[in-house]
Amino acid sequence: MSAPAEPLVPAHPHTPGAAPALVRRVAPACVAGLAILALWQGVVWVAAPPAFILPGPLAVVRALAGNARLIAGHGLATLWEVLAGLVLGAGLGAATAVGLAFSRRARVLAMPLLVLSQAVPVFALAPLLTLWFGYGMLPKVAMAVLIVYFPVASAFLDGLLRTDPGWLDLARTMRARPGRVMWHLRIPAALPSLASGLRLAAVYAPIGAVIGEWVGASRGLGYLMLLANGRARIDLMFAALFVLVVLTLATRLAVGLLCRRLD
Amino acid sequence: MSAPAEPLVPAHPHTPGAAPALVRRVAPACVAGLAILALWQGVVWVAAPPAFILPGPLAVVRALAGNARLIAGHGLATLWEVLAGLVLGAGLGAATAVGLAFSRRARVLAMPLLVLSQAVPVFALAPLLTLWFGYGMLPKVAMAVLIVYFPVASAFLDGLLRTDPGWLDLARTMRARPGRVMWHLRIPAALPSLASGLRLAAVYAPIGAVIGEWVGASRGLGYLMLLANGRARIDLMFAALFVLVVLTLATRLAVGLLCRRLD
Amino acid sequence: ADHLTVMLDWFVNPDHGPIVIAQEKGYFADEGLEVETIAPADPSDPPKMVAAGRADIAVSYQPQLHLQVHEGLPLIRVGTLVATPLNCLLVKADGPIGSIADLKGRRVGFSVSGVESALLTAMLGSGGLTADDVEMVNVNWSLSPALMSGQVDAVIGAFRNFELNQMALENVPGRCFYPEEAGVPAYDELIYVANPERMDAAVISRFLAATEKAVQFIVNHSQESFRIFAATAPELDDALNARAWADTVPRLALRPAALDAGRYARFEAFMAGAGLIDGTLPVSRLAVDTGAVGEPAQ
Amino acid sequence: MTAPGITLSGRGLLGGQTLFGPLTLALPAGRWTCLLGPSGAGKSSLLRLIAGLDTAVRLEGGVSFSDGAGPQGRIAYMAQTDLLCPWLDVLGNVALGPRLRGTRPDMARARALISAVGLEGREDARPGALSGGQRQRVALARTLMEDCPVVLLDEPFSALDARTRAGMQDLAARLLAGRTVLLVTHEPGEALRLAHRLLMLGDGALTEMPLPDAPPPRAPDAPDTLTAQGSLFRALLGTSGSAGAPA
Amino acid sequence: MTAPGITLSGRGLLGGQTLFGPLTLALPAGRWTCLLGPSGAGKSSLLRLIAGLDTAVRLEGGVSFSDGAGPQGRIAYMAQTDLLCPWLDVLGNVALGPRLRGTRPDMARARALISAVGLEGREDARPGALSGGQRQRVALARTLMEDCPVVLLDEPFSALDARTRAGMQDLAARLLAGRTVLLVTHEPGEALRLAHRLLMLGDGALTEMPLPDAPPPRAPDAPDTLTAQGSLFRALLGTSGSAGAPA
């Protein structure tokens, strides 16, 4: 009797199936969107928070439709900040990790500064940022960069410090130059860790931009949310929040797709 | 001629040296503290921001000394929140990662919710949290948990999904139970990723607690900082901030030491 | 004793003097009340919590009340804490802004509230300007630092009893343009709001009576009352609060329960005119005098 | 526990190309089948196909067991790499199978196997502290610990010196007597010692090779073993392998 | 580029215990030295000590080169595991050395080596798509690519079938003629084909073994090679190894 092996244990999770990557990723996103809406409606039904604390999806959809152009404009501003922050922050973070991976002494000195950069709350930083960068797009991007930077640097550095010692031995007998070892061995071997950091950063970038907008802004979803909150337009605030969540999910999805190549 | 091999490429970075771990870790911390002070004084000298934006270290030390008991009391409150948040958040995050590692379908559904939990700004969440948890220590711990949770879950999950397929093949021929494979193979193999997540979380936990204190508090460093900031007691604010930074560094250091066993 | 949860608008500060003093001097206890105060970090939370039934009384702002009632929050003003506007348009005393008209082409910072742009627009109108003549920037957490460091030329949303003193202490003296002198109808900055569907008018009357006694004590014994206030928490005992206390005392409502219906009608009309609300509601939907016999809230 | 016979038949496709076959690989029940063949011929792939594991090689055909049941839970598989868990000590690695199944491992048996593979006293060592041959022996002990009716061994003795190798062969022959065993090896002498059936995979086809009459395990220095070894060796050197003529 | 002779002398300590020695391991300049010995005897450790790499074994003594210089940059080391980079294709792996030194790799040479090890046409394959023996040959090609006066090979042919193995031996013998080579192997026949000097590490001591008179590489089926092989095999089986008597 022919017995094509039945999987007893799930096969390697990254094994690609038959459908093209995009479809396989977009379908889940739709499911995900529905899941969020369902959760939301569920919370509204079960916990029954008053509408001025958490309005139901319907009210928010109505606000979304009624303020589509307004929200789109602010959303676009935030989107640019997110993209700029993500690219710059990831680049700086990766560069920092590589720099720190070279020298234990540098790590001892710089790690606290990295930690410091995350430990200082925005409102302490905000006046400094605006003093240096003014009120344009710069402080928002700076904030997104700051928030993206750390997980990328930290996760990538962890990976760079875990290079298989066998490869390092090999490099040593090959009389390799440290820079070359970094580029040809340690960095490629640590790419999965970089991907891990980037996936985290993708989630943090939008909230970073929004926080940057609180520092001082006249545009963006963060600004719109604060404004709507101040005007007791809770439905509008949640509509903007909804767009922010969608933007975050989309960023995470895109970065996730890009990162599959690094794993 | 005897030629004891000279290292051409740095040896494996985790190779322990001769000094005991504690000393090797505490000395850097002191160096780090000095580095931060130096950077701070440097910024004050070079950029010369007005004292109401960034006071010099001296003024802050004076404020620290003058308000030692006040700050210590608030610091202690925050410390408990941080510890509770870290333990709970890391536990929940690790548990989530393990749960999600079992099923691709669960991941597709749950990842967006995880992302959602990070994408929603505090001030939208705050009324909900207070509605559910009141004004005690609970909403602060909840906020720290929320912030710790995500990097732990995300990084650990990444690791759990990267198990060497060879081991999974072995497990399959051994007719292993999925739960056992998780416990005996996938989790141990992913511990370095968990460590990566925990190291990140250690940095985020204090800021999470502080953000929780903004949700509504009459204790804690976050409360003290906002109060001092609102009342332009910038020296007091920076004194509290300094304590927060030290607390964050200490948390990171402690978690880092614990995590060496996982790498 | 009846338990009463009171949410302040923000962290404890001299604006809350009457509540703190009533607590410390035992006036609440005298009225058979057990009052718990809670300080939030976001001033827009307390009314929501009262509307949601998580607190009995919230300290809020009159302009906010108009917005919130129009958005359907079950809220009503039951008393007054500070009976004048505190908000002001703040500039540097030695800066280039000598009059509102000088703001043309300048940058004005504001904080979270949505009302402030309406106030500013009205004030600009008194100087012959429109909203398009200035650039509005949300500076959120740092009103006075933004002004003092020259990032903006003026800020709206600063409190005259605080930010002025704060700037003086930093040796960057400031100057206020007062909304009520520049085209904005006078309003009550700080009010007590309750949920009309849940509130017990009699208990609230007793609460207001206690704070009235506290206001009297503060007005009569300004120095001593500040010492009592400052002794409640170490972080309150500083030079700024001492100065702010003195500037706050004359603005406290001497009759917390008293309702000036015309003031609410005028501000409702102003808000409608500024396009912040659609139509106007009767004052009875906005405010109530809990002591008025035989006149239940509608 | 009776050992089933196994038959794999069909064609192995790699990408669009045929790697081997169509062929039929029959493993007689309770017997040792040894598989020789040039590097890259598809020996490991055949093993994995029988074990029911994913391979890059697609089998156009099927695998059948003489008792009609599937491969589940009755195949012990020793891969070409040792696949030891670095976080477990030697004892833990040997007892991995029962642990993964959630049954109580027979620790006495595990210890006995460790000492049988010559690692007594190293029970607490981590794989990182073992030499290559020691690691391979731990993997062997782990496979023997499984006590399965079907055992697939992919070059299980390749990292061992002659003496240790002979010892391990004896051990395996003794403990796996009566099991259906498929042994992939590059050592003709090893195959001649252990095989009931000796197959050569070359040019995509299986060829059965002659064996001495004596039943395995055969003495390595018995005259007809040596004769067979000589002729097998010459046959192997004549096989067209994937290694080109050295330039 | 003249190949230096190398002498390692001293005692190897593992924890507090002596693993080997005191002994002197002399590699004659420009000659092949083959090292046999039971699993766990310390062969790989000796190799790593000569290469100047970290080992768990501490050498109480030293390594000296006949020309007085150090090991830097003139040792090619092929470890017991292949250490291929999974993100590089075969060509990239073979050309790793020059890349790491920042010099321009001689791609024609790399391709020639790949085809010499029998992997022509697989230049673009990733290590994950190679069989065990193919991976080992890529590692060999990478080592040969280094073109160093000193070459340390740790069981370089262990995963290869007899025919491919013979081809690789010929290739290595030809390309490494005149180099100082230390070859660790478990195959007596291999040692007898290639060695100028044949050493046995056993019971912590080095023993020199007799070799046929013909110079290497010797024909595997020459009569005195076969005779020597028989006696060496018997000697090896008599050596007390670390594997206990199978229980």
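Note that the chains take the letters A, B, C, D and E in the order they are written out, and that residue 1 is the start of every chain.
The criterion applied here is as follows: contacts are C-beta pairs under 8 Å (C-beta built on N, C-alpha and C of every residue); 3 or more make two chains touch, one makes a residue touch a chain.
Predicted model only: the values in this text are computed from it and were never measured.
**Student:** Keeping to the contact definition above, tell me which chains border both subunit B and subunit E.
**Tutor:** Both-contact set = A, D.
**Student:** Once every inter-chain C-beta contact is counted, which two chains account for the most?
**Tutor:** By number of C-beta pairs in contact, the leading chain pair is A-B.
**Student:** Take the average of all CA coordinates in subunit B, do the same for subunit D, and state the distance between these two points in whole angstrom.
**Tutor:** 49
**Student:** Could you grab the centroid distance between subunit A and subunit B? Build each centroid from C-alpha atoms only and quote it in angstrom.
**Tutor:** Taking the average C-alpha coordinate of subunit A and of subunit B, the gap between them is 17 Å.
**Student:** CA centre of subunit B versus CA centre of subunit C: separation in Å?
**Tutor:** Each chain reduced to its C-alpha mean, subunit B and subunit C end up 38 Å apart.
**Student:** Which residues of subunit E are in contact with two or more other chains?
**Tutor:** 51-54, 71-73, 81
**Student:** Which residues of subunit C are in contact with two or more other chains?
**Tutor:** Where subunit C meets two or more other chains at a single residue, that happens at 48, 52, 141-142, 145, 149.
**Student:** Which positions in subunit A are in touch with at least two other chains?
**Tutor:** In subunit A, the residues touching two or more other chains are 8, 11-12, 49, 53, 123, 127, 131, 165, 171-172, 175-176, 181, 226, 229.
**Student:** Can you list the residues on subunit D that touch subunit B in the complex?
**Tutor:** 48, 51-54, 71-73, 75-77, 79, 81, 83, 85, 87-88, 96-97, 99-102, 146
**Student:** Using the touch definition up top, name the residues of subunit B that touch subunit A in the complex.
**Tutor:** 7-14, 28-29, 31-33, 35-36, 39, 47, 49, 53-54, 101-102, 104, 108-109, 111-113, 115-116, 118-121, 123-124, 127-128, 131-132, 150-151, 154-155, 158-159, 161-163, 165, 168, 171-172, 175-176, 178, 181, 192-193, 195-196, 199-200, 203-204, 206-207, 210-211, 222, 225-226, 229, 237-238, 241, 244-245, 248-249, 252, 263
**Student:** With touch defined as at the start, can you tell me which subunit D residues reach subunit E in the complex?
**Tutor:** By the definition above, subunit D touches subunit E via 36-40, 44, 56, 80-81, 112, 115-118, 120, 129-134, 137, 155, 158-168, 170-171, 174, 186, 188, 221, 233-234, 236-239, 241-247.
**Student:** Give the list of subunit B residues in touch with subunit C in this complex.
**Tutor:** 49-53, 67, 69-70, 123, 126-127, 130-131, 134-135, 213-218, 223-224, 226-233, 236
**Student:** In the complex of these two chains, what residues of subunit B are touching subunit D?
**Tutor:** Spelled out, the residues of subunit B in touch with subunit D are 164-167, 169-177, 179-181, 184-185, 188-189, 191.
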